[in-house]
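The following blocks contain the structures, represented as structure tokens.
Two complexes follow with chain A in common, the first pairing it with chain B and the second with chain C.
Right after this comes the complex of A and B.
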């Protein structure tokens, strides 16, 4: 199917693909460490979503607990889109993306590096926001913490895998900030449905058995879209 | 370059579609018996089901032609994907309009988040995203690759959206679901015939419209090519 392209991927050995992805990742994290631009905006944005949702629903304690899973996922999805956009926008604006493409590395490595960066940033935001959600929404998170972390991790990897790909597309369009959610959210809807359902089940005291369907759906989605994205990223960045 | 007259000619397929539509209208509105419980409103189903099938067929067609486009890089496969998306979107709109018209008297509500409705809504949104990306980025050289990638990912997403929406509402037994057995079981032979004719007619109509849409796109390419030739000829004589 991707006859010509696959050769390109095979040219780089398995190890060097990840080594190069790691270098890209380190570069991005170093930039982020020095500016803290993305983390700050993502964190404040999640906080704003939390507060605004409270106004939007204006509900009592019991009702808040039933909408909390939705709030958590919407906050993280929006923050994730913000972060993914900024993974490419500055590179595009400064012209460094061309440099990255000229480097003798596989494009799949660029994608993976950016992806791991996005997962890291969203993960940090999730870890920082969970206690705040617990505090402001009055939901006991500690008893469910291990389950929540697994669910959030799976959902984040799946979401970030397509967010990273679509951010690379959206950054090239005239209305990049508007295009990303329009492209991404309908395609990502199975992740959001699965994430909210599993989080709800967890808060209701359910175990893995009850969410095995969702767990399989989420894992399959992540694998399929991760592989597809690595293969298709080549076509996105091609000049 | 074929003359424009050949592209405006009434084709045999067009005539067959016209006859098919008239026959199909007669079968659905007059010939088929009145449904006992729902009454005449059930007759909209003949067209609703036929167009829903087309909306899904076109969606898969977009994905398949996108794969072929990335593989062969021939403009005509991009035209196929584009035309299938546009015509499929029209049929998808028809589904979204006829569904609530039927749902209001039968279910007592214009809209319910039943799995099929939710599925159709997400499909519709992906169609919109695809056409918006076409509309807002057509000056980019890599845009055709972006669109092919989006078309492929959208089609890959179909099974995930299917299961996600099904399990999402599957947890709520009070939701109004039409099962395939429940739908087909109560149908008279005349009803099945009317349905069959409608499905075949709309399938032909879809391919007819797609053919016209593709011809239009090729004409645009011709115009573009002519314009370029005039410009180069103008430069040569020093205008």
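Right after this comes the complex of A and C.
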């Protein structure tokens, strides 16, 4: 059965997969633009994490530089988790998810649409929060900005690819808010660790060569989860 | 397979279990192309589960559902979505989108051609053209159900699956739905508690009880009172 789906994805449906994913993404972003439900929650959460950590670790610049990567990734990971959970919960509650499942589309398109939406929202939060992190933690991010953005992008794609898949699993359970972190965090920890390590190396003035092992790990994880998620999504959402 | 055998919906030995609970047990059912079948039954009889399996939302434990000869239970084929329209308890409408945006979204998912003209014509017919720019969250239950009907048939499906479609509709809405169901040949499967309406609109009627298809007849076979007696007998068995 998996073989059949791979053939489907290799054929003419490949283009349709992205067209339909784009439709779902656009619909989600329009809804989010009107409600700002997910962005507000994610932003407030990240801000609270930043403020609490800032008071908890009232240390000098050198010490802050060693703990800042962890703070940044904790804030973004948990905010991302909140956002991913809300990508499916309202659809499930209102029954619109069934409307998507009934449509003549590869169900991988639903996953991709939701994934791009999650990446967009986490990305917006990261862009909004980075200057605040720099300000509160007194880290000069400008010299590292381009490298930092690439690392954040890669880490976000990897994290969101897993979070989106497990959010679809968790939404069918009674304790979905609790279930998502339980399912997600152990699996996503290699991505978060890679993100933290690469960010630490960046703040210490390291180059890409020094973080190549982490970069490979992050890339491999992301590719494996992306492909597996598109292929498995059909079976995950079926009752 | 002959053309007659291949067309319409064929259900063979369909069983669905949830753990130790048997929602459907060995269901056999034929719905010919352009046939209108109503299934009535008490709560928990398995009507909605049956509809969900035919729609491709629920995977059966055993058995077959053939749509125009194609087995839908082996592997999901996206193309089946073009053939089926579903109007169920949930309207499948996004509250934060307007009526028009909802139909546009679903129309594009179904690759509907001349979509804008199609939406305007549908909204005109369901009496919602004046509310096309209204957010769905501002509409009453009956209005949402009218828009949901437009959504269900935006792609002109030859098969319509209806699960309690009259809920929330006023008399005008019910008449309008009735008009839609009879204005062009379609295969229709209606699931309802409303026996009088089921008898009024359909060619055949079936009764489900405890996951089994326990009675089936054409709607002219018995008088309403006789059907009612049979229905009550099986409803009490729940």
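Here is the rule we go by: the second predicted complex is superposed on the first by the 221 of 239 C-alpha atoms of A that agree within 3 Å, B and C clash if a C-alpha of one lies under 4 Å from a C-alpha of the other, contacts with A are read in each partner's own complex, and residues count from 1 in each chain.
We adopt the following convention: contacts are C-beta pairs under 8 Å (C-beta built on N, C-alpha and C of every residue); 3 or more make two chains touch, one makes a residue touch a chain.
Predicted model, so just to flag it, every value in this text is computed and none were measured.
Engineer: So, on chain A, is it clash or fit between chain B and chain C?
Structural biologist: Partners fit side by side after overlay.
Engineer: Between chain B and chain C, whom does A:20 touch in the aligned arrangement: first, second, both, or neither?
Structural biologist: A:20: touches chain C, not chain B.
Engineer: Quick check on the superposed pair: does A:126 touch chain B, chain C, both, or neither? Answer first, second, both or neither.
Structural biologist: neither
Engineer: I'd like to know which partner A:103 touches here: chain B for first, chain C for second, both or neither.
Structural biologist: A:103 contacts chain C only, not chain B.
Engineer: In the superposed arrangement, which partner chain does A:238 touch: chain B (first), chain C (second), both, or neither?
Structural biologist: So A:238 meets both chain B and chain C here.
Engineer: Of the partners chain B and chain C, which touch A:35 in the superposed model: first, second, both, neither?
Structural biologist: second
Engineer: Using C-alpha centres in the superposed arrangement, which angle lies between chain B and chain C as seen from chain A, in steps of 10 degrees?
Structural biologist: The vertex angle at chain A equals 90 degrees.
Engineer: Is A:94 in contact with chain B, with chain C, with both, or with neither (first, second, both, neither)?
Structural biologist: Second partner only, chain C.
Engineer: Looking at chain A, which partner touches more of its residues: chain C or chain B?
Structural biologist: Answer, by number of touched residues of chain A: B.
Engineer: Is A:174 touching the first partner chain B, the second partner chain C, both, or neither of them?
Structural biologist: Touch partner of A:174: chain B, not chain C.
Engineer: Look at the superposition and give the distance in whole angstrom between the closest pair of CA atoms, one from chain B and one from chain C.
Structural biologist: Minimum C-alpha separation, chain B to chain C: 5 Å.
Engineer: Using the superposition on chain A as set up above, list the residues of chain A that contact both chain B and chain C.
Structural biologist: The overlap between the chain B and chain C interfaces on chain A comprises residues 1, 238-239.
Engineer: Touching chain C in the complex: which residues of chain A?
Structural biologist: Chain A residues touching chain C: 1, 4, 13, 20, 23, 27, 30-31, 34-35, 94-96, 98-107, 234, 238-239.
Engineer: Which residues, counting only chain B, touch chain A once they are in their complex?
Structural biologist: Touch residues, chain B against chain A: 67, 70-71, 122, 125-126, 128-129, 132-133, 136-137, 140-143, 145-146, 148-150, 152-154, 156-157, 160-161, 163-165, 167-168, 171.
Engineer: Can you name the residues of chain C that touch chain A in the complex?
Structural biologist: 52, 55-59, 75-76, 78-82, 84, 86, 88-97, 101, 105-106, 108-111, 151
Engineer: Where on chain A does chain B make contact in their complex?
Structural biologist: Its residues touching chain B are 1-3, 162, 165, 169, 172-175, 179, 182-183, 185-187, 189-190, 193-194, 197, 213-214, 217, 220-221, 224-225, 228, 232, 235-236, 238-239.
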